[in-house]
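Each structure below appears as structure tokens.
In what comes next, subunit A is part of two complexes: it sits with subunit B in the first one and with subunit C in the second one.
Coming up: the complex of A and B.
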């Protein structure tokens, strides 16, 4: 029965193609966009706390706007906006930037939660010692805050992994699109989608383990 | 695109489910009606046949007034009328579900100019070649890079666009063309050319021509059609009508009438000419479905020689 549903030869044929698509697009975009969003997210979070109100609320508005509109819409909007001025722009770069900025808004929220979990005594002590703001952040607040934030940053990274199929909206064919094409070619989808799912799992699981290890290392 | 192998994102889950369900029941499915051996007689009695189409211009589609039209529909009407079946009904089906639905017995034939390919021959029976496909390139007006075929795209380092799931995407892959833009629809491909995002868009020549004619202001033109070559093997491609494996009587009767049209240049032109098909798309005598179903390098080479010597 299984043989009728699942053709191992097709699965074997699909695997190398899908792996290449995974490495060249899915993994590349996720890694670079994750780094971008981890850095930007922190910048937003500190900005929201430190900036004067007249700069703070436009930033808040921008972050909410990005966080509350869907990724496909943002991809299309930026892509067709940029193409008007730079027709030859590499769609992959647009993908990285949109994913990076989109997820940075979620990460900013995570950082904010981490920062707000620091007891007010820590802030007061820093003020009492008249530590400059940069030193307060670097030496007192962030080391504690990031420890609290790390698990959810890991989750956002894994979520980003699974959003990469949206890249087809800007003509970038990543692994899931390739799996669909392969299925259409053979009139049999189960094999290529199974392989794609397993590759996702094989990549996401070590990421999760790695994050857990990192958390342990940062514990007191 | 008659030779496209895909069809869009949203339907994938359904198509996969259909395909899965079908794989599960597989050959056990005795498909539609009773006493299948006599499908031909049954259809002649009814005077009507239902064919599936995927809504692709210029092969088979429904006009805004709901009228079924296109090159393969015109062929079907001629052929079935000669067989005593006067009425051809259409059923719109997503590309991916055309063959699965046929085997489930939802309709009796697929009229979408589907390319004869080994993987498909394993699932259903194809008629004799009805239409020959060649590849074309859509380029900006005036063809500034002087492109003529896929090799010229490689040589001049031009940026190519292909449509997801089409044969041309496979060619680009096989030729190792660097990072082609993968568009979701032929309209996206034309937009990519006219916006200057890509230098060329490769697709079945006949599809490109009809699109360029429908959009005279888009600033694009279509190069002369060519047969793509991979490792020196010409990738000849033929479209045909699809039937269930067990309906051999219907297939044979269909082939007989089809061959009468295809072997006569004037009649071929008369039937499909209005949809943009020319003598170049008329299959040469001697081309067989088996060649394309086998699809080895030797078969394709032989088919190319036969078609060329026409």
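Coming up: the complex of A and C.
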């Protein structure tokens, strides 16, 4: 029954198109946005520790707000907010920024946990040696903290990767959007959506297994 | 500024009266199914015989590894073609959300069962308790308290996940906000939508924290401020 419904010819036709969309959009957004969120997350985490209270709590509020509201609304909000000023803005750039900022709020929590796992003796030693703040962070705290944070950052990147189809809300032609178009054109959705799912699985499962291995390896 | 507030005060009731029900129904249905799927798959992975544990593991990896939106579209577009059953928009949304987050939840359940101290398991064996009694009276109450922080995070993610149900033609908050944008402006429309989602997420999160306190209280434990994000990061990947 399945063989009669699943048309292999259509599948063969769909696969290269979806793979191109995957490489050109899905992977590109994931890579650039995850770099952005890895950097921003660290900035937030250090900011929450170093900033004076009157700047710290608005930051905390902003991070909680972004973390607890859905990506599609954030995408639409930023996209149409920017379109007013720049009608020809590239939706892909908006997507990268929104994904980057959204996941940076999660990563900030991961960094925070990593920083908090550093024993107070390390901070005290840095103070005793009167190391300047930048040197304390760069040479003492971060190398240890990031080691604890690394698997968690990887896991959030995988989560972001699987959220990229939300780009459909701002009309970026990523893989799943293409799969829907292809299915609509051929009056058969099973081939294109199954392939799209398999491409996701093929990319995310090995990475997830790798992260679990890394986690075990980094444990003291 | 006054214009923004007047727009905002027309948009907010409109979103609540027209979009809230689809969002809330998707969330409630998704949450119930998530819990059922998570418990079934999680217990199967931890307690089942080898073949069942492997089967549950495969199901979990498939639903965690393919994206929620792919699953949503698969259920909405392919089910009618494959099985000649059309679930309709709302049920497609509920089934996709429940299965996807349920697969993440299965990891939470499995991890929590794993975290119940070994002595507890050994004692039940020593007392030769039947499996059901052992799970119901000894293991589950302890595991339940451990899994609630994980479920709390997943429930908040589920609230955010419901924003995708507009893709299967449900008129939810996100869809209505996108409509309201045209008449009332970007800031008012999406500001109101974000506010509604935030309030729902906060209510859900508070409810789960209350359940967690209650579960710990019943075990005679004091409440500890647990950092849960790391556990979620492990669960979502």
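The criterion applied here is as follows: the second predicted complex is superposed on the first by the 204 of 220 C-alpha atoms of A that agree within 3 Å, B and C clash if a C-alpha of one lies under 4 Å from a C-alpha of the other, contacts with A are read in each partner's own complex, and residues count from 1 in each chain.
Heads up, the rule we're going with is that contacts are C-beta pairs under 8 Å (C-beta built on N, C-alpha and C of every residue); 3 or more make two chains touch, one makes a residue touch a chain.
None of these values were measured; they are calculated from a predicted model.
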**Complete:** Winner on subunit A touched-residue count between subunit B and subunit C: chain C
**Request:** Examine A:193 and indicate which partner it touches, taking first as subunit B and second as subunit C; both and neither are also allowed.
**Result:** both
**Message:** With both complexes overlaid on chain A, does A:185 touch subunit B (first), subunit C (second), both or neither?
**Reply:** first
**Prompt:** Counting only touches as set out at the top, which of subunit B and subunit C does A:156 meet: first, second, both, neither?
**Reply:** second
**Asked** Can A:8 be said to touch subunit B (first), subunit C (second), both, or neither?
**Response** neither
**Request:** Considering only the touch criterion stated at the top, classify A:171 as touching first (subunit B), second (subunit C), both, or neither.
**Result:** first
**Message:** Between subunit B and subunit C, whom does A:65 touch in the aligned arrangement: first, second, both, or neither?
**Reply:** second
**Asked** Touching A:73 in the superposition: subunit B (first), subunit C (second), both, neither?
**Response** second
**Prompt:** In the superposed arrangement, does A:88 touch subunit B (first), subunit C (second), both or neither?
**Reply:** first
**Fill in**
subunit B and subunit C footprints on subunit A meet at residues 5, 168, 180, 183, 188-190, 193
**Item:** Touch list for subunit A against partner subunit C, complex
**Value:** 2, 5, 65, 68-74, 76-77, 80-81, 84, 106, 109-110, 113, 116, 151-152, 154-156, 158-159, 162-166, 168-169, 176, 179-180, 183, 188-190, 193-194, 196-198, 200-201, 204-205, 208, 211, 215
**Prompt:** Contact residues on subunit B for subunit A in the complex?
**Reply:** 5-7, 9, 12, 15-16, 19-20, 23-24, 26, 95-96, 99-100, 119-120, 123, 159, 161, 164-165, 169-170, 181-184, 188, 192, 195-197
**Request:** Over in the complex, which subunit C residues touch subunit A? Could you list them?
**Result:** 61-62, 64-71, 73-74, 77-78, 81-82, 156, 159-164, 166-167, 173-174, 177-178, 181, 186-187, 190-191, 193-194, 197-198, 201-202, 205, 227, 229-230, 233-234, 236-237
**Message:** Quick check on the complex: what are the subunit A residues that touch subunit B?
**Reply:** 1, 4-5, 83, 87-88, 91, 168, 171-173, 177, 180-181, 183-190, 193
